[in-house]
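Two complexes are shown next, each including chain A; its partner changes from chain B in the first to chain C in the second.
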Partner chain A sequence: MARTLGPYVSSPHGKRLMGKEPLVFHCNYYNYFLQKTLLLDDELAMHEVIADAAASSAFATLSNAARGLELGTPDARRKLAEYTFSELGFGTIDLSRVTPSGGVAHVPVSHYGRCLRAASGAEFARPQSYFDAGFAAAAASVIHGVPLESLEGRIEACQSMGAPEGRIAVGPRKRRDAYFVSCGQGGQWAGTPVGPNKDTHVDESAILAALGTLDFSGNEEGLVPRFGVMLTNHFANFYNRISFEFVHRMKSTGLMEAAEDLLVEAGFRCAFHTFGGIMSSAEWDAVIKPQCKTKEDWVHGMVATVNALGWGVWRVHELSAERLVVRAYDDYESSGWLGTYGKAERPVSYLMAGGVAGIMNLIHVGDISRKPTLDLGFYEKVFESDARFFPRQVKSMAMGDDYSEVVAER
Partner chain B sequence: MNTIGEMFPGNMGRVRLTRVALKLRMPTLLQTPPDQALDAALLTKLTLCLAEVQKG
Partner chain C sequence: MNGGFEARPDERCQRGLAVSYFVARGYDEERLRAALQAAWNHSLIEASETWGKRTVRRLVRQFRFEVRLGVRDGEISFLHRALASPEQRAAQSGVFESCLRTAIAAKEERT
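== the complex of A and B ==
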């Protein structure tokens, strides 16, 4: 499918950019459990933060891409916005009825509206498409050259609540607080990461080359069904903003550490479904499984695959059946923190922590090599096991270390 | 059910309890001994909140 898009640009340490914004792959399960956590406490007004983070990240991507492509007309910029929404797996969006003074964006297919239901296991109590609302506002700003600060998107209808299509009303911004400004690539470590661990039969470069041949573009519905999940090729700074602002807003409640635990738990879900789906996939069977002679090779193979997700460079530093130590160079959470807030006082790599423990739980507790069904029952079985692995963040690039390090132990 | 441990069993229960504690802004819930009997009003509050949390 030929789409007018900002080009994908590779950047050091496993990053991939569009419109100068780093992209990271995440699935509908992570998107659901992260958003579920953020929306728990109505008084935090995190729905506003989610929409604003989407607007800021989308605005940066679309405005940089439009400038780079020298798109001189509103129609050309509208197509860029609609194509970008579909390319990255967010669904399909029709912005033709949004004028400089506002209007309604139609969302016939929405990742957030439609695909989170598979993860929730229950009907929704509230709409889920806050991302779409922010994206539509940013698109209107870029298409018509209207300041982003003057616009906001409001959900009129959401597929998560049973609507046949999503509708976002774009109009004057009523709130007075400013949108945050995306930090782009954010903080970057100037050094060179160590190479892949050699104590394995797995060849990371061959895995990355094979993954590089796969098409992760959104299909005709603007969705990316892969590995048994619905992927999005999402804005790293969207995740960073909503996660970090959530922790910040939780500080005064006496529940900040509990909030952090739930962000790590969203990482467990991410690992369980995305990593589990990858390790159960035909692609794994064809490319990676033949290289795996031991369970340790499975760990190395999964870590090599993570390095195709835009999350930074992960390296296995230490590995046994009882312990995994992963070092990440320029993990996207630390990069985003450094670029937005400066040096951190505590580790911020929540997703990484959940992911590292999740790998060990899938391989050593759940025995993913037997291709179990990745449903809630199996998740609970693994999660309830006395043998399960817990993560500890022991080093943090956001705190000034050269890398972030997570130790997963039973 | 009249204790935290009975209402929120196991590791999954702990995650649900954490969600409930966040939603109710009750950090003390996370320090409550799992076998401590809870008063009826709190039990009702927790039951209602758990039902809300378990919605999508």
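== the complex of A and C ==
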């Protein structure tokens, strides 16, 4: 299917950009658990942050892409916005009834509306499509040349609550706080990462080449069913903004460390479902498993696969049955922090921390090679076991180190 | 096993959308491809992907379903599209399974 899109641009250290914005793959389970975590306390008003982060990231992507493609008409920019929404796995959106003064965007298929329901196993008591609301506002701004600050999207109907289609009303912005400005690639380390660990049968370059031939673009419904999950090729700065702002708001209530723990827990869920899904998938069996002769090879294979997700460059620095040390060059969380806030006082690679420990839990505690059913009972058995691995962030690019380092130990 | 295959719905992230079919004794892939095309008036979009040493054939009826042949030995992936109604999902599953039975029989006749 031919879509008018900003081109994908490869950037050093495993990054892939569209409209100068870094993209990262995440699945419906991570999107569900992260959003569930953020929305735990209504007083934090994180639903507003989620919508605003979506608007800011989408605005940066679409406006840069429209400029680069020299799209001179509202109709051409509308198609760009609709195609981009579908290409990246967010679903399908019809912006034809959104005028310069507002209107309603229709969302026949929404990743946040439909696919989070699959992850939760039930309908929701509140809408989940805050991302769609932000995207629609950004799209209206880019299509009609209206300042983003003057617009906002409001959820009128959401598939997560059983509506047949999502509806987003785009209209004048009532809140007075400004949208954040996306930092694009953010901080980048100028050096060259070390090569992949050689103490394995796994050939990372062959894995990346093989994965590079797979089609990860949204299908005609704008969804990406891969590895047994629903993927999104999402805006890294969206995740960064909502995660860091959550920590900031929790800090003001004296619960910063609890917030950090919750984000690491979301990383565990990501590892469990995304990595677990990948390591149970037919794609894994065909491309990566043939190279894996030992449990250590499974770790190396999973880390090689992570390097196809746009999260930065992960390197296995040390590995045994009791300990995994991963160094990440330009991990997207640190890059985003540096680009937005400058040097950090604490490590900020929450997703990475959860992911590194999650790999060890899946392989050494849960024996993922036996293809267990990845349900809640298995999650509790593995990630709440006495034998589970815990992560420690011992170095942080956001704090000025050359790389971020996570140690996972029992 | 029913008709030479076993159907296992995905209970995870693609809950309700994905079904894996297992055919222990194999099937004639070309016969299945042709039968599916014939059943839908040759309207299925076809593509193939290389997964390591494996070639996976994808047949798509837009907004209705996607079939992935050859994902593992004797395994076929059937993915309903989100917009396919429950009635359409039931109907297209029935047609697919009928085509699969034909392809299994063709393989058994050859061997």
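Just so it is clear, the second predicted complex is superposed on the first by the 407 of 410 C-alpha atoms of A that agree within 3 Å, B and C clash if a C-alpha of one lies under 4 Å from a C-alpha of the other, contacts with A are read in each partner's own complex, and residues count from 1 in each chain.
The rule we apply is simple: a contact is a pair of C-beta atoms (placed from the backbone, for glycine too) under 8 Å apart; a residue touches a chain by one contact, two chains touch by 3 or more.
For clarity, every value in this text was computed on a predicted model and none was experimentally measured.
Q: What does the overlay on chain A give for chain B and chain C, a clash or a fit?
A: Overlaying the two complexes on chain A (C-alpha atoms) leaves chain C and chain B fitting together cleanly.
Q: Of the partners chain B and chain C, which touch A:Leu255 in the superposed model: first, second, both, neither?
A: first
Q: Could you look at A:Ser320 and tell me whether it touches chain B, chain C, both or neither (first, second, both, neither)?
A: After superposing on A, A:Ser320 lies clear of both chain B and chain C.
Q: In the overlaid three-chain picture, which partner chain does A:Thr373 touch, first (chain B) or second (chain C), both, or neither?
A: After superposing on A, A:Thr373 lies in contact with chain C but is clear of chain B.
Q: Looking at A:Glu221, would you say it contacts chain B, chain C, both, or neither? Reply first, second, both or neither.
A: The second partner, chain C, only.
Q: Touching A:Gly277 in the superposition: chain B (first), chain C (second), both, neither?
A: Second partner only.
Q: Given the superposition on chain A, what is the angle at the CA centre of chain A with arms to the CA centres of chain B and chain C, as a multiple of 10 degrees?
A: Result: 100 degrees, to the nearest ten.
Q: Just to confirm the geometry: in the superposition, how small does the C-alpha gap between chain B and chain C get, in angstrom?
A: It comes out at 15 Å between the closest C-alpha atoms.
Q: Find the residues of chain A that appear in the contact set with chain B and again in the contact set with chain C.
A: Common to the two interfaces on chain A: residues 121.
Q: Can you list the chain C residues touching chain A in their complex?
A: Touching chain A: residues 10-18, 47, 49-54, 56, 60, 62-63, 66, 71-72, 75, 77, 79, 81-83 of chain C.
Q: For chain B, which residues are in contact with chain A within the complex?
A: Touching chain A: residues 10-12, 15, 18-19, 21-23, 25, 27, 30, 52-56 of chain B.
Q: In their complex, what parts of chain A are in touch with chain B?
A: 32, 36-37, 40-41, 43, 116-117, 120-125, 128, 160, 250, 253-255, 258-259, 261-262, 265, 380, 383-384, 388
Q: So in the complex, which bits of chain A are touching chain C?
A: That would be residues 27-29, 108-109, 114-115, 118-119, 121, 210, 213-215, 219-221, 223, 225, 228-230, 273, 277, 282-283, 285-287, 290, 373-375 of chain A.
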